[in-house]
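When the chains are written out, they are named A, B and C in that same order, and each has its own residue count from 1.
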Amino acid sequence: MSVNYIPRRFTVVRDKELCINCGCCVRQCSNECHFFGDDGKTVFSDSNSCVACHRCVDLCPTGALRIEKYVCDYRENANWTPQYQQEICRQAETGGVLLSGMGTPKPYPVYWDKILLNASQVTNPSIDPLREPMEIRTVLGRKPEKLTVEKKGKSTVDMPPQVMLETPIMFSAMSFGSISLNAQKSLAMAAKELGTLFNVGEGGLHPDLKPYTDRAIVQVASGRFGVHSDYLNNSRFVEIKIGQGAKPGIGGHLPGEKVSVEVSNARMIPEGSDAISPAPHHDIYSIEDFRQLIWAIKQATGNSKPVSVKIAAVHNAAAIVSGCARAGADIIAIDGFRGGTGAAPARIRDNVGIPIELALAAADQRLRDEGIRSRISLVAAGSFRCSADIVKAIALGADACYCASAPLIAMGCHMCQTCNTGKCNWGIATQRPELTKRLNPDIMYKRVVNLINAWNHEIKEIMGGMGINSVDSLRGNRLMLRGIGLSEKELEILGIKHAGE
Amino acid sequence: MKKVYAIEELCLNCRLCEVYCKTAHSRSKDVVKANKYEDPAPVSRVTVYGDNFLSAALNCRHCDDPRCVKACITGAMTKDKKTGIVYVNEDKCIGCMTCLAVCPYGCIKTGKTAVKCDLCRNEGEPACVKNCPNHALVYTDKGGESK
Amino acid sequence: MKYIVIGGSAAGLACAEQIRREDKTGEITVFTKESIMPYSRPSISYYLKGTVKESDMLLRRNSYYGAEDIKIITAAQVKAIDRKNKCVKAGRKSYPYDKLCICTGSKPFVPPVKNAAGKVNAFTFLDLENAKQIKAKAGKNTRAVVIGAGLIGMKAAEGLSKICKSVDVVELAPRVLPSILDEKSAKSVKKFLETEGHISFHLEQTVAEAKSKGDVITSVVLSSGKELPCDLLILAVGVRPESGLAEKAGLEVNRGIIIDPATMRTSDENIYAAGDCTVSVDMLDGSRKVIALWPNAVNQGIAAGSQMAGGGKTVAGSYSVNAIDFYGLRICTCGLINAKGSRYTDKIINSGGSYKRLIFEGNKLVGYVLINSSENAGIYTSLIETGADISALPGDIYGTPGPFVFAKAERDIRMKGALAL
């Protein structure tokens, strides 16, 4: 096509005075933005394919590179924004759905930013977490309705299977296929060191992850990839994936070219074949079917593990959560619509689902109202950007949080949102061996550990300020939250008061 | 002794080791000046071979019984008894490059004289190792050569 | 134990050092006929042109010999070896030995040039003394004539071209540097030397006669009849093994001293010989020849020293390897570069200012000539030495050889630096 209807998005600016023509950028850019001139020595850049992943910028030894937004004004139009026009042009060219990666970039309200936290003053003392014990251990799984003890003080209650986490932060599901094995391995190593769990997603379990299976959550999704008895039993717990926040109601599609030998082995499908996860589970057409699947998994694992259900936050999320709890789920993960993805139709990602804050608050409230809150643990997912988001989620009722984008950013992700192209320059969302080797798990797991440890410190600091010394005392403690700039209805759903009240 | 070892599975072919080796062995010690303006241009003692799919950075192995030292016709190439580092005395070297012709690993470079890795003069971690973004170069005394 | 080493250059020094490595207490005496401590003879042309100082030519610091307890006797011409009484005679004294190593090196071959003998401005070019004398005579207006376009002659010509008005080189052979270059590369190198060094060549010529005024040569007449003005005549036709001492002592000599190719032992079990004065067996074609090159001398010296001290080091095999530069043109050669016959094939890679010729015998690399393309030449050398099967190598060997020439297993060994050579 000789005419390009879409202006490029970025300009690569090369400071010729600083550039030493070392060619590092040339060799590092999988989008082939940088190239040697005819003399084989001087480096030039072609900005057209730049996705602003910053690989070249970050590795340039002299700081000679800068990525700028390419500014090309359209006639102002509040309705027909440049983005819509460009998307139309892309579709006019390809005739396909628009694909994108990571969470929605649209400016929907982020309620975390409209919720403020409390702190102790005078009447109740705050706690210094450096001097006094501060408990952030979290236990997931069904809790007994009540505790009975015999005369000597020993519990007479049969404890359902539970999972102990050293932090309320877990790593959300990312399959081998959507991310590289090195990325998955980094998360597994980090989970082991942090005493938390990582989630292998629906891509099966690669043999290299065997040493970390006591830290693994394994998924049973609609494609049933890699599911067999060993898979279910080599895990800390099993999660049935019903939906994903970034693409509620639709399935997944891993194109055949990404199904390498390794991926095909882990997924138990032929090499090079498309891995299609159907939109529904074809064996679940009622809550009764669903109950059977949960029961079957519990049987398959000898009733030794809790079973989790992951759903996308949709309009009637609270009712669905209640249904899942009654169907026998021990843990329910709710994935908000800002959650990430390796690839999703942009239209779905940007328009379907509801924010995690509202879904979480509604579900927690509903379960309490129905008197079944202790039957299940709630895990919130869908974009936690910092420790304060985690604290707010716990105060809204979450037992733990699933994080994925944040650890990926710790591993080099720059949110260029082109995961779906499989050319991730940081070796995360790609299966190309020359790119995946850029992610050295020995380096990256430490960065992830550092990040979560930093957040743990901050969570303790914030809790100490509130005069709370355990995450259990924070859970569902909505008195610690106040809304700012929120409507009556929003406050009502969130179950919090407005600031100043 | 501690030497630099390359792990080809981790090498990115970014060749930053070469850039920082030149810088460490330049007069200015400034990455831009060293790689762009200095005359004579500093020569990298480490070289990355291969392509993006398979590559590795190779530099002097500081052999126990170095052929370059034995072949040196001027006595410029010596192995330090204490540190084990094989050095070129650039005042004595006449640049005949006999050392290059006998080094079985291909670790001697041609500058005005013979140029080779000096492990950054034993002052801690060499520049190539320090600046490798993927830890594909390690500085260790557990290299595992058969002694 | 008393060890005596005759000769203090490459082989002699390597021999003495190896003895010390294996025998911490033995008495080691090195005789050198020169008046300074062991120095780099190949550096004399650099001394001549003024790029190397005399002090930088010393192979070891003077304090080194004391620390290693190696006694160096300078200006000591050994006159005879008394095998019956196991002693050597130098000056008026006699020195007893238990083990002796002869490392007397080469002597210049002086061509019979009429009227040249005994003239004050005619020199050979082999040691520092020669270089000093030449340097004293050479000046801005000096017109120098060098007889011989071999390694020594050309290094002399290069050195002189920097300090003299003109340099003429007369060579009997039809090409320059015949011992290290093949015909094709010799042609381009000659051209380079003419333009870069302003050296005039007179190939396939000899100097028939020198004309003189008193005992000073003023011009030379070539075999063609051409007369060249000459203020300085360098006789550098070639070298011969300095085997006179061994021959007089009754050791087996055929041009060079005959030695066991592995242990360096001569026909006397207590006497060894190493370096340019010996006859080596070229491992690549089995021929007996004098390999008058530094690395070979050092290897032989080490083997001889080890054997003398009761150790087990030997020379696995000798071959030629040489590197030299002229005005920045780097020439690196190894093995059978002038191999003739249908057994040998070659491949030439010419690009820009560089020339690379690899010589094969079947699937084995047996030689190379590299001109301005000597990057990682040592990898080729190792292939020649080990007789590796080239066809089994996965990588390209015609470009710059690197670790990826080799398959993973060998590459791992090489990357570790653990080759057993």
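By definition in this document, contacts are C-beta pairs under 8 Å (C-beta built on N, C-alpha and C of every residue); 3 or more make two chains touch, one makes a residue touch a chain.
Since the model is a prediction, treat every value here as computed from it, not as a measurement.
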Overall pattern in which the protein chains touch one another (line/ring/star/complete/other): line
Two chains sharing the most contacts, counting C-beta pairs only: B-C
Mean-CA-position distance for chain C and chain B (Å): 28
Averaged-CA centre spacing for the pair chain B and chain A, given as whole angstrom: 44
Cα-centroid distance, chain A relative to chain C, in whole angstrom: 70
Interface hub residues of chain B, defined as touching at least two other chains: none
Parts of chain C lying in touch with chain B, wherever the complex brings them together: 10, 14, 40, 42-43, 46, 51-53, 56-60, 294-295, 298-299, 302, 321-325, 330, 332, 334, 374-379, 381-382, 385, 401-404, 411, 414-421
Residues of chain B touching chain C in the complex: 3, 5-6, 8, 47, 49-50, 54, 56, 58, 61-63, 67, 70-71, 73-75, 91-92, 94-98, 100-106, 108, 110, 143-146
Residue ranges of chain A in contact with chain B within the complex: 17-18, 20-24, 27-28, 59, 61-62, 433-434, 437-438, 440, 442-443
Residue numbers on chain B that touch chain A, as the complex places them: 9-16, 18-20, 31-32, 35-36, 52-53, 131, 133-136
